[in-house]
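As written, the chain order gives the labels A, B, C, D, E and F, with residue 1 at the start of each chain.
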C-alpha cells in the first residue's frame, strides 16, 4: 500500500490548528486565488496531455463516463431518504453533492499517480469538468419531484442551469483544457509549465491546509447529526468507487485512468454543489451536505480512499 | 506570421466568462498582487540585462526615445477633437492614455520575443518606466490649454506630478530595474530568477484572464460611443507603431528592441493614465478613455498588433 | 565582508516608496499570504534537513539554546527601565520583543548562508519556532511583577499562553518542520520543493518590500522617542548576538548554525510579540516596541547585523 | 429629511437600485459584506463555502420622496427579505445637493 | 420600533451576539472592519502589525425588546468598550418579520 | 445626544478627522469601501480600474459639540462632497465615555 503523501499532511495541520483554536487564518483572497490556480492547472495539464489523442475518438468514451456518473445520485438518494430518514429536499441535495466531484480530491489522486510515476489518460480533466453537470441535475430532480406543488414554488431551472454551466470551476477547467490542448498542439507548453505544473503540489498543500481549517469548523455540525451520516460518508464513496473502477475497466482505461475515474465517482463536491443547491433546493440544510462532504468524505478519500482505489484499480487490471 | 501565443488565450477566456455572465471573479487582492509581480519582474529582468551595457552610453538614447513619445498625444489630440468631435477635456485625456504605455502589452511583446528566441535591448524596461511621464503631461496641457479659465479651476500641477512620479508602476519598474541591475552586476541573480523570471508567463496568464473579464465589462461603454472610437482604437496604435518602428530603427535598436519600442508607442494605458487624469482633467469621462484603451486597443494589440509590429520591425531591418 | 544581497534592496525600495508617499500598497491579503508562505517554507526546509539527524540527540541541545534565550529579556529590561526610564509595562513589553525572534531576519540570514554556500544545522528552524515562547513569558513576568496589584487586574495567563502556543507562526513553523521531516524521511521532498524552496527568495523579496513600507510609516513614532531608543535598537542586538555566538560556539554548532543562532538572539519580533503583549501588558504602548523593533533593529540587522554576525561566527570558529 | 436604511441579500442589489432610480433618488450609499441574522437564519459572507452576503443601502432624501419610495418598495420587500427602516434626520447643507 | 447601533471590538462579538439571542432578538446585521477613535485610542484593522478591529452591530426591534436588551447589555458594556445608542425608527412592513 | 453620519470620498478622510479632533470629538467610527451615487455620479471602490472609494464616518456626541462641529464642517462640505446628516439618539451608559 502506498505511503501517505506529505501534501495531505497539510490537511491534518489545518485540522489541528482548528482544533487548538489557533488564530491561523487563510485570507479569503488567497483561498480563492489558490482554487483558481488549481482549476486552471488541472485543466491545463489535462489539455496538454490530450494533445496526444484523437479528440473524436476520445469524446464518446468521455461522455459515456460522464453520463454514467448521473446514476450516482440515484443510488444515494434512496439510502439517504429511507435509511437515513432525511427529508426529500435534504436527500436530493446530499445526493447531488455525492454525485458531483471534488477537484481537490482529484488533485490528490493525480499527486499519487505522479509520485508512483503512473500513466493516466489526459482527458480525465475534461471528464471531471463535465461530471459536475449531470449529478446536480439528477439531484435537483430527485429533490423536486412532486415537491414543487407542496412548497408552491417552481424550480428555477433557467437560473439553475446558468449557475451550473457558467460556474467558476466549469469555466476554468474547460478553459484550461482548451488552452492546454492548444499549447500542446502548437508545442508551446514550455513557459507556462513553470507555474501551472511545477507549482501544482505546493499550491495544493496550501489549499489542503485551508480545507483542514474549514473541515474542523464543520465537524461539529456532523457530530450532531449522528452516526448515520458518518457511515454514509465513508461507505458510499467506496461503493461509488467500485462502480467507477468497473466503468473505467469496462472502457479500457489504463490503471491510472481507472483509479482517477473511481476517485471522481467517489469524491463529492463542497463548492459547486452547495452553490447550485442553494438555488435549486433552498429548503435543504447546507450544514448537512457540506458537513458530510467536507467533514467526513473528503478526509476519508484523501487519506484512505485514494490509496484504496488505486489498489482496486490494480486488482481489476491484474497489476501487482 | 507568428502563431497566437497560448498566454493570450487567457484573455479570450476572461472575455467569454464575462459574456456568459459566469460567476468567475479574480479577487481584487490577487489582481493587485499580480500587477505588483509583473511590474517588478519586468523591471528586474530589464535591469539584469542592462548590467551588460554601459549606462552612460545608453541613457541619452533611452531619453531621446522617451521624449519623442511625448509627440504621440500631439498626434492623437487633433484627430480626437476635430474628427471625433470630443470635448477638449476628453480629447486631452484620451490622448494622454494613448501616449502612455501598457505594461501588459509590453509583457506580451516580451513573451513573443522569448518564444522566437530574439534578442532585445534590456533597457527597454527602463524606457517603458519613463515613458509613462511625458504623455501624461502633454495630454494634460492639451486638455487644459485655455480651459482653466472656463472651468474656473486651476490644474493642480503639484498633485498631478506627484501622482505621476510616485505612482505604483513607476516606483516598481524603476525599483526593479535598479535591483536587477545590482543583481546582474554583482552576479547574484540566481535565487530571484526562479520567481521573477520563470513564473513570468504563468502570472501574465492569470493577469490576462482578469483583463478579459474587465474588458468584457467595458465593451458596452464603447459600443454606445459608436464607430469612431473603434476605428481610432485600431488605426491609431498602428500609426503610432509605425512611428515607433521608425524611431527604433533610426536609433539602431535591434529588431527585437525596435518591435518593443513600437509596442510601447502603440500601447495605451488603463492604470496609470486614468489615475492621473482623474486628478488633472476630472471633467473628462473615464468610461470613454478606459473603454477605448482596454476594450479595443488592448485586445487588438495583443492579438494582431504585436505580431504585426514584429513583421514591421523585421521589414525595416531587412530580416526574413 | 559579504556584499549586500539584492533581496534586501527590496526593503530599501519599500522605505523609499513610503518616504516619497507613493501610492504603492501591498494588499493585506498578499502580506498575510506571503508570511504564511515564509513560515511554512522555513519550517519545511528545516524539517527536510533535520531528517538527517538523530532527533533524540539534537533535542536537548536545541532546548538548551531556547531556554538560554529566555535570558535576553532579563538583560534588556533593566537597561530599558533604569537607563531608558521607560515604565515597567513598556520595559517588559519591549524586552519581550527583543527576546523573541523575527522570522524574516532569520530568512535573510539563511539567504546569506545559501549565497555563501555554507552549511548550517537544519534544526535551527525548530529552535526559532520554540524561541518565540520563553521571551514572551519572561517579558510578561517582568512587566507584571508587582504591577498587577497596581492596575487592579490580573494577568490573563491562560489567554496569554493560548495566544503564544497557538499563534500562527508557531503552528506553521512546527507544522512545516514536521511535514518537511516526514517528506525528508520518506524521500518525498521533490514535488513540494519547487514552491517552498525555489521560490523562497522571490517571496522574501516581496515581503521585504512591504516591511520597508511598514517601517517607513513607523519611523516617525521612533523619532519622537528620541535618541535612547535608536542607540538601544542598534547596540542591544549586537550584544545579544555576541551572547548567541558564544552559546552557539559552546554547543559546537557549525559556523553557519552559530551565525543563525546569533541572528535569532539579535532579532526581535514585530508580529507574535505585539499580539501577545496586547493581551499580557495592554497598558504598554505598542508604538514604542514596534517602532524600535521594525524601524531600527530590523533594518540594522538585515543590512549590517547579519553580515557582522557572520564575521563574528567566523572569528570564534577561527575561519577566514 | 428622512434617512432610509435597507439590508438585503447581495443578489438583490441591482433590482433595489433600479427601484431607487425609478423613484428619483439622486444619492445613496452601499456597504457590502454584511453578515447577520434574519428570517432566513444566519448569513455570513466570510464563510467561503457558503457565501451569503447582505448589503446595506443607506440613503437620505426628502420626506415626499421617501414616502413615494416606501410605497414602491413595499410590494417588493417580500422577495427581498431583510429589513427596511425609515427615520428622521437633518441634512447639513454644504455639499452639492444629492437627494 | 427602535434601532440600536453598537460598536465593539471584534473579539467581543460572540459574547455580544449571545446576549442578543438571550434577549430574543431575531434579526441583526454586522459590519466588520471598522476603525475609529474611542476611550482606548485609535483602532485600525488595516494596520497589519497591530490589527485592532471594531465591528458595528445594527439591529431593529420592538420598543419592549429594546428596553429589555438595553438592561441586559448595560452591565456588560464596561467590558465591551465602544458605544451603544438607541434611536427611533419606522419598520417598513413587507419582508418577513425578523424582529 | 446626537449621531452624525458623514459620507465623503476616501481622499478627504484625513482632513475630516482633523476637523473632528479640532472640535473635541473623542469618539468616532469609520466604515471604508463604500460605493454609492451622488452629485459626482457613481463611485465604486470594487472597480479596480477606477477606484473611487467613499467612507462613512459615524459619531455620537453631545448636542453642543454636535452644533459646534456642524458649524465648523459646513464651510468645508462643499469641497468634501457626499452627505452629512444629524439625528437624535440615546447613549446607553456603561462603556467608558468617549464623546
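One rule holds for everything that comes next: contacts are C-beta pairs under 8 Å (C-beta built on N, C-alpha and C of every residue); 3 or more make two chains touch, one makes a residue touch a chain.
Predicted model only: the values in this text are computed from it and were never measured.
*Asks:* Which chain maximises the distance between its CA centroid and that of chain C?
*Replies:* Most remote chain from chain C, centroid-wise, comes out as D.
*Asks:* Just grab the chain with the largest centre-to-centre distance to chain F, centres being mean Cα coordinates.
*Replies:* Between chain F and every other chain, the largest centroid distance is to A.
*Asks:* Just curious, how far off is chain E from chain C if you go by their C-alpha centres, in Å?
*Replies:* The separation of the two C-alpha centroids amounts to 38 Å.
*Asks:* Using CA atom averages as chain centres, what separation in Å is found between chain E and chain F?
*Replies:* For chain E versus chain F, the centre distance works out to 19 Å.
*Asks:* Provide the list of chain E residues touching at least two other chains, using ranges where the numbers run on.
*Replies:* 31, 46, 87-88
*Asks:* If you look at chain B, which of its residues touch at least two other chains?
*Replies:* As it turns out, chain B has residues touching two or more other chains at 27-30, 32-33, 199.
*Asks:* Among all the chains shown, which pairs meet the touch rule set out at the top?
*Replies:* The list of touching pairs comes to A-B, A-C, A-D, B-C, B-F, C-E, D-E, D-F, E-F.
*Asks:* Quick one: which bits of chain E touch chain C in the complex? Just the residue numbers, please.
*Replies:* 46, 48-50
*Asks:* Where on chain F is chain E touching in the complex?
*Replies:* Per the touch definition, chain F meets chain E at residues 1, 3, 25-32, 58, 60, 87-99.
*Asks:* Along chain F, where are the residues that touch chain D in the complex?
*Replies:* The touching residues are 5, 7, 31, 33-40, 46, 54, 56, 70, 73-78, 80-88.
*Asks:* Under the stated contact criterion, what part of chain A meets chain C in this complex?
*Replies:* 3, 5-7, 9-10, 13, 16-17, 20-30, 33, 111, 114-115, 198-203, 205-206
*Asks:* Under the stated contact criterion, what part of chain A meets chain D in this complex?
*Replies:* It comes out as residues 28, 31-32, 214, 270-271, 274, 278, 286, 290, 294.
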